[in-house]
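Both complexes below contain chain A, partnered by chain B and then by chain C.
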Partner chain A sequence: MLSINIFNGLVYGALLVVMSSGLALIYGLRRVVNFAHGSLYMLGAYLGYTVASHTNFWVAQVAVPLLMGLLGLALDRFAFRPLQDRDPLTVILVTFGLLLVLEDLVQTVWGKSNLSVPAPDLLSASVDLFGMSVPAYRIAVIFFGLVVAGALTLWLRYSKMGLFVRAASTEPTITSMQGVNVDRLSGLVVAVGTALAGLAGIIAAPFLSLSPSMSSDVIIDSFVVVVTGGLGSLSGAFAAALLLGQVQAVGAVYLPEFATVLPYVLMMAVLLWRPAGFAGNRV
Partner chain B sequence: MSTLLKFERVNAFYGAAHILHDMSLEIAAGERVALIGRNGVGKTTCVNTLLGVASLRGGSIAIGGSGLKKPRPYVAAGLGVAVVPQGRGIVANLSVEENLILGTAAGRKGHWTVPRIYELFPILRERAHTPGTALSGGQQQMLAIGRALMSNPALVILDEPTEGLAPVIVDQLATIFNQVADLGTALLLIEQNLSLVERVAHRYYAMAKGAVIGQGPVNAAVMHELKEHVVA
Partner chain C sequence: MSRELTNGRIAGGVALALAAGAVVALTVTSETVLSLLTQATIFAIFALGVGILLLQNGMISFGHAAFYGLGGYVVAILLERQLMSAEMALVTAFFGIALFAFLIGFVVVRVPGIAFGMLTLALGQMFYQVASRSRNLTGGADGINIPWPDTLFGLDISLLTRQDAMFYFAWSGLVLSIGIVAALMASRFGATTEAIRDNEERARFIGIQTLLPRVLIFTLSGTVTALAGLMSAFQTAFVSPESMHWSVSGTALMMVIIGGYRYLWGPALGAIVFFMSRDLVGDFAQHWLAIFGVALIVVIVFAPQGISGALARLFRRKAAVRPATPAVIHKLKERT
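The block that comes next holds the complex of A and B.
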């Protein structure tokens, strides 16, 4: 009983890893609190639904992040970059406006009823894991989360571009003085972050149903993860995502009446202990 | 000798504050030039205007003969002008070695590589994997110089590189500056320490109130005179 909850917590934690790493990257370079991130996730899920129904899940898993990445480039070029010297509240309002537009767009195009995306054939069975019968797809979700966390870590730690991203996250002016076009780099990072929101959407589609309200739970948890991990920090976000996944899953069993406030309790506890979050504010 | 950097009647602003007034200067390949003046006369603003941090509204700045239409922070390094900023600007979340690698962003190949920087500053090799800001002030200055050299520049602008450093470190840096200049790299040394200027520079510009008020060759007599009137 407990172990299935730990397992489900891990699955949800893996989804939060994908969601919140995008949010953390965008905050890290653009200092934008992107309220539309959850709606981008939802758009990714719905786009995934359409692409998968014409082709298959795997094509959607590649195509959706690519499409969302292009949208991210546009978002940076026409919103975040021109607004970078404005006060943060302006940018927050713009992302909030984008959220409303995206929610409306999704309802107009796909309707209000719940939709579902079947798990790919390869992963549609249940498998035996330490004596529990679990859907193979959920194991794959954990794997996707690991791949995303691993790939981002390798990129940031060991590539030259990753080094520039880390430098620009704390010292944008010094970094650009060395010859890095930080605006272009930030555009790319926003594209990666938006693509990750889309990827989270298509990953979630086969195990959470699609509805116009699907973004609200995940976005709040993602913000809790990013703040708890340390604004803009990826490794902090990874740890916080896994922790929140457990808190949600285990809390739902033992403290069901408090389930909705547990994320905030976690966030407050961590922030009282370390006001800058697990890792402080750097990528 | 070809001109590397030229300011022609530059007028620069921070918002509405007019800081540089018809500021002109010129540095040729391989030259060792000093820019001197009291606190607040606009020395750093010259660098900031080149980088587009202060806004250029009148006059022109050219690197290697071609004018910068709209100066941007990332342009100068690619054109061979590296800046060692006042306050050093070491990136705290990068290691010493990563700070050096950041200096290769302009993509200019040449003499300077990480091992060569370590030969110049052996202490940096010892501290290669510690965070850049864990170094002492003098070591951070060495790191900032090393990072600038990593872009294989034709000109290095050093903005008050010895500010706050002990005299022995200043002596060490003077030797390094001469070593770098002997390899053919031009230097623009922004300084208030005139004995350092005398040991490194061949020519000077003196600034007051955002403009050049004197220039000429560096020698002991001139430096003595400037000490009385321009810096003190």
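The block that comes next holds the complex of A and C.
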């Protein structure tokens, strides 16, 4: 019982890694707490449903992030960039307005009933793992999470562009004085963040069912993750995502009545203790 | 602006608004319209509560639905378990939630900016989760039907639940709340909180104790919101976890922004516009939230002062010609 919960906690944690790294990136460069991130995730899942039902899951996993990346470019160009000098609180509300529009869009296009995407044939079987029988797809989710975390870390640590991103997240003005086009860079980072939301959606599609309410739970969990890890900090978000997955999974065993409240207790404790989160706010 | 307000003008405005409400209650005969107006008015009180926090503390709360829902839940639980009379339950809930807001205020208002939004979000969601999960106490996701007694404050319940009475009751609650808050804001306390909002550090340097005023604004904001919750509990005789969900807080915030928060009546206007125009769009009602989402974005980008700001600018020309009255000059001197 406990080991299967730990495993499922790891699966959900991996999904949150993909989800919240996008949120953290967008905050890191644009200082925007993106309430619409959950709706972007939902849009990704539904787009994935449509693409996968015409082709297959693997095509969807490539096409959806690309489409969402384009949407992210537009989002930055027409919303975040023009609003960058405004009070961050009002920009939060713009993303809330965006959330309402996206939710309505998804309900209008795909309807209100629950949909599901089958796991790809390659991963549809169950696998024996430490004496537990677990769906292979869930192991793949953990793998996807690791790949995303690894790729982002490599990109940010060892590429020139990653260096610029890290620089711009700490000192945007000085970075642009050094000749880096911070606006274009931010556009790219928002595109990557949006693509990651879409990727999280298509990853979640085969093991969480698609419904118009799928965004509202996961966005709050992602907020818990990025706030706990330090708004804008990627490594903080990775650690916090895994922690949250375990808190929920293990909490469900030992404190069943209290488990759903635990993440919020965690988040409040962190905010009160260190409002900037565990890792400060640099990418 | 609010600083030109004297207590006399506030009392005049309140009397006028109460009279206008009476005219509406007496002339509108359609039960549906009255019920809609009541609902809008209750949400106007909610929005007023959220707006006060933004206006005087500069803080955006994503968790005020907790106060709104708590109003209903405290009354519902007290009545369902027959712990006290309905009158006592209402009073207990009102002051209990005010005390609760005061106590958590000491903790939460220390956290600045976006972190405050996130903190209130977490707090609100905590209440939402507790309400949806603890079946024994709150009835879980099904909510609670509130067993109101046959008479309340000596009046027959059938009289109180008439749509016109209900509307006038809610309307008076709204008008009196705005009046009381306006009088508070026109006082020294209002000036102090504005100084703290604009520059907390500077206010501290000139010898103002800055924590308590902010806590009191938070308390006021939470209490007004709880009042809306109590009224809703009375109108619908029902409370469910949905009333505490973060999207409810978000919707209230949206009304505040669209109405404009620079004036106390702005958030209330936003709520009324929200409900009225939802009714007007008719067939498009299912796309209602998207329409309002677009409206929210348009207001933030092109008219950050909201509807009330735009209206006030229309009438500003007239006000600007009028010389400052001695009372205003006196008050300004007192503040500097």
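Rule of thumb we're sticking to: the second predicted complex is superposed on the first by the 276 of 283 C-alpha atoms of A that agree within 3 Å, B and C clash if a C-alpha of one lies under 4 Å from a C-alpha of the other, contacts with A are read in each partner's own complex, and residues count from 1 in each chain.
Here, a contact is a pair of C-beta atoms (placed from the backbone, for glycine too) under 8 Å apart; a residue touches a chain by one contact, two chains touch by 3 or more.
Owing to the predicted nature of the structure, the values given are computational and were not obtained by experimental measurement.
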| item | value |
| --- | --- |
| Which of chain B and chain C A:Val11 touches, first, second, both or neither | neither |
| Partner chain(s) touched by A:Asn181 [first = chain B, second = chain C, both, neither] | first |
| Touching partner for A:Ile220 - first (chain B), second (chain C), both, neither | second |
| Contacts of A:Leu163 with chain B and chain C, given as first, second, both or neither | first |
| Which of chain B and chain C A:Glu171 touches, first, second, both or neither | first |
| Chain B or chain C, by number of chain A residues touched | C |
| Touching partner for A:Val94 - first (chain B), second (chain C), both, neither | second |
| Touched partner set for A:Glu257, first chain B, second chain C, both or neither | second |
| For the chain A and chain C complex, residues of the former touching the latter | 33, 35, 82-83, 86, 88-90, 92-94, 96-101, 103-105, 108, 216, 220, 223-224, 227, 231, 257, 260-261, 264-265, 267-268, 271-272, 275-276 |
| Residue numbers on chain A that touch chain B, as the complex places them | 160, 163-164, 166-167, 169-171, 173-182, 282-283 |
| Interfacial residue positions of chain C with respect to chain A in the complex | 60, 107, 110-115, 117-119, 121-123, 125-126, 129-130, 133-134, 245-247, 250, 253-254, 257, 287, 289-290, 292-297, 300-301, 304 |
| For the chain B and chain A complex, residues of the former touching the latter | 51, 53, 72-74, 76-78, 83, 85, 89, 91-94, 98, 101-107, 147, 151 |
